[in-house]
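I'd like to ask you about the structure that follows.
To keep things simple, chains are lettered A, B and C as they appear, and every chain counts its residues starting from 1.
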Amino acid sequence: MTITTDRKLTTQKAIAEAIALEMEADDTVLLMGEDIGVYGGIFGATEGLLDRFGPERVMDTPISETGFIGAAVGAAINGLRPIAELMFVDFFGVCMDQIYNNMAKIHYFSGGNVKVPMVLMTAVGGGYSDAGQHSQTLWGTFAHLPGMKVVVPSNPYDAKGLMTSAIRDDNPVLYMFHKGVLGLGWMTNNPRATGAVPSESYEVPIGEASIAREGDDLTMVTVGLSVHRALDAAEMLEDKGISAEVLDLRSLVPLDRDKIAESVGKTHRLLVVDEDYQSFGMTGEVIATVVERVFDHLDAPPMRVATPDTPIPYSRPLEQFALPSAERIVEAAQQLVSA
Amino acid sequence: MNIPSEHLVDMYETMVKIRRYEERIREIYFEDKLPAFDIAAGLIPGEMHLSAGQEPVAVGVRPHLKAGDAITATHRPHHIAIAQGVDLKKMTAEIFGRKTGLGKGKGGHMHLFSVEPNFGCSGIIAEGMPVAVGAGLAFKRRGTDNVALSFFGDGAANQGAFHESLNLAAIWDLPVVFICEDNAYAISVPKTASTAIADNSDRASAYGIPGVLVANNDPVAVYEVAGEAIARARSGRGPSLIEVRTDRLWGHFEGDADAYRSDEFKEAMAERDPVVMFCRKLVAEGVLADSDTEAIKERIYGEVEDAISFAISSPYPEPEDALVDVFA
Amino acid sequence: MLIGLIANPISSKDIRRLTGLARVVDTEEKANLLARLLVGLGSYPEMTVLALDDRAGLVRRAVSLARDSAPRVDFLPITATGEESDTKNAAAHLAGLVADALVTLGGDGTVRAAVEGWPEAPLVPIAAGTNNASALTVEPTVIGLATVAAVKSQDPSVFVPTTALRVDTSTGHATAVIDVVSVRGRWLGAGALWEPALLIEAVATSADPTAVGIASVSAGLGPLAPGHARWIRFGPGRTVRAVFGPGLVLDVAVAEHTDYPVGAEVILDVAGAVVALDGERRIAAGGGKVLVVAGPRVLDPDRALQVKGPSPLSQPSSRE
């Protein structure tokens, strides 16, 4: 897909822009969370919104996740379209009941009569030594539980379009933005965190994966910051004569199983890359999908590169070992094509 | 306060309806489950939490509600739903798991949702409290004069969500009335063993809002206090907490041996049955004639039976319907 | 020395917190007030306090708060039900034991119930209610010391006689210490009174201008001689500005009033009304006969602390 603009934004600014445009267009959109107002969000995703829309629509909350996420559910049922921010996804422990038992189930319990049109946005991911309680991704946990859509943008264009779609969706959408793709000045520089973003409003459909890079020898299925790692790996593999296709899932719920099957149907080899914990998660789900749908097209057993089943460690060499790096991806890809 | 006699009669009739409903649900619940209790069997499978004895809290609130007011309630929701005017046929069909139910059979007795009137309930303790706060937020932002009522029990007052909800409603100054139905037990654990203070209404001052104790299970006392609290919220003067000492006449769930409450305790409750007492009082005051009470019973019992017949004669959903309505 | 103690856990938690600016005296504060009282009483080594073991555990909590400064505290053989009858029964029990004084903690309703149980009680009512027209608002530690001084002095003048009212009901007599009021409507409901427009007639034993409630209305009509009660008929006539409740200054219309001595019988108009005793709707049926009677003797802490003999405050504690 070609984006025809020269205008460049970081992912962080793209998210804030999407929210601003929707708040402008629809006065039932309301934003709440910890430090999202005056501070503009700890990761800048809500920068500038308080000044523009005022404290009645941009609400700095107390540290009461159960309280304000539940309030977002109640507000969504009663005519508003709230966006609530869970500062770090790792904090879900203190409010998970409101998310998975309440927000995600009311539509179903009510036989479709009651809608909960809200967005729960949350920062995910590690790689900068924020240690075990501030570095997780956890989409596997949320995607596993029925009733909420789950989206994970990897680049500025998708970040804006998916946020717009999420706000307009009448369902609860969990919008998980990886800190490493935001383009923050205080994190390690990431050139892939800045990209072309049209200034007008547009949607990126939820439930559609996108080919980040075309290739023939293997399909790398991934999401979030790992898309950047996979793209880096693909460049390194090119030099070694291996052509890797990178499929950016963009959404985990709904999962674009058709696109996964189509790509692997073409390349015959699957490598899943996931920064979430390896067991019982995304990698298993993608592999199962491929085995179910295009088993006969596989020339080798699928492989996966994921964070191992350990808490994410603090010390740099430990953390870098645990998280999926371009090097680990290259090594796995080489193994995969020679199998 | 001057209470119009129409309100009194309506409150009484609603109490009769609630009690009759709970009695009939109880009867039907046990059909086909005995002799050896099988929770999954019969016309009403699963758990059942009935509200006999707690009628005054629901009916005392009722005359002060207007269209659009939101109520969130608990795993013991029937009295509140009935008092608010939730469609009795659809509610019953939902409890019976039928396609014509409020949730097309997908929610059941602990997850009853109605759009008009605006009602929802939850099987997780205190889960509805933040939702009521959100409803209050929506009303305030949208500029309506609706209020949100959050019903919960003495057990819920120790859950984090209770504290977070009161604080949020207070700091955001929202039109929410929190109503604690203190029936002295959270399943089998008495309040005296679980709660560090004597009265949950005292907890209100920790959040800077007024807290009132209604020390007896009297629909008129609830009427007066709820009237003040709801008027206060509706006129933009903020949230409050009401604690009502009420009676859970039966066990926590149907099938509960209720051995943890003494016979004396249960006898004392039976002696102050609120439906009986209110009837007596209304007749003594000449608001109702003895002959009226029979006519009321007949009519109300008929309504309850109609709802039950509707449910029983409604079809079950198609099995594959289980896959539908996850998303809008 | 035997001092009776009755604390009411539910005073001051009622609807007036919504209709006005009623005090927020939570259970913790009540336990604290009691603890401070016990410290005062505990200054006298031969002290035994015999208390109602209330349903909220107020006295027990007070004992644990006061720790080593508390006197010996025993409990009456009464199982509290949480009803007003607890107070009345406890007071009657203490009357039988001829306790040296009866300390209550609560509002006017608490005092009333105690007086019903023991009409001649040497009363020490500590204020923890909403209006507190009848109770003492002095620091409880001082009240404890004053009580000890009062009993030790054996001087009857430190307990000041008051006037009370006896009302007939369909089930017997009831006592009120401050006022009996007929209120339009047939419902006891939430008990408290907060709407002057519903008042028909009242009999008040007080015209203390610093009091709150009906006593404040009465005060606006002029002084009341000791040993007298004042009958008031509400309605167009003169306007009295009164403190009807905490934070509630209202103009009340008074049509007429007459003062009566102890022994007089006053008939209240109770048609279509319920009768409120000491600020709470209590009686649904019955006649309107109100008898003006001698009331409880209430401690005057000032007088008690100034009696001849060394002040308890200047005596070293025998615990040293």
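Going forward, a residue touches a chain if its C-beta (ideal position, glycine included) is under 8 Å from a C-beta of that chain, and two chains touch if they have at least 3 such contacts.
Just so you know, these numbers come straight off a predicted model, no measurement behind them.
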Chain contact graph, described as a line, ring, star, complete graph or other shape: line
Innermost chain, where centres are averages of C-alpha coordinates: B
Length of the line joining the C-alpha centres of chain B and chain C, rounded to whole Å: 37
CA centroid of chain A to CA centroid of chain B, Å: 41
Chain A and chain C, separation of their C-alpha mean positions in angstrom: 67
For the chain A and chain B complex, residues of the former touching the latter: 28, 30, 56-57, 59, 61-62, 64, 66-80, 82, 94, 97-98, 101-102, 105-115, 117, 146-147, 149, 170-171
Chain B to chain A touching residues, read off their complex: 70, 72, 101-107, 111, 113-115, 118, 120, 122, 124, 127, 129-139, 141-142, 148, 160-161, 164-165, 167-168, 171-172, 324-328
Touching residues on chain C, where the partner in the complex is chain B: 9-10, 13-15, 17-19, 24, 26-28, 55-58, 82, 184-191, 195, 198, 284-285
Residue numbers on chain B that touch chain C, as the complex places them: 1-3, 197-199, 201-202, 205, 210-215, 218, 220-221, 223-225, 228-229, 232, 240, 284-285
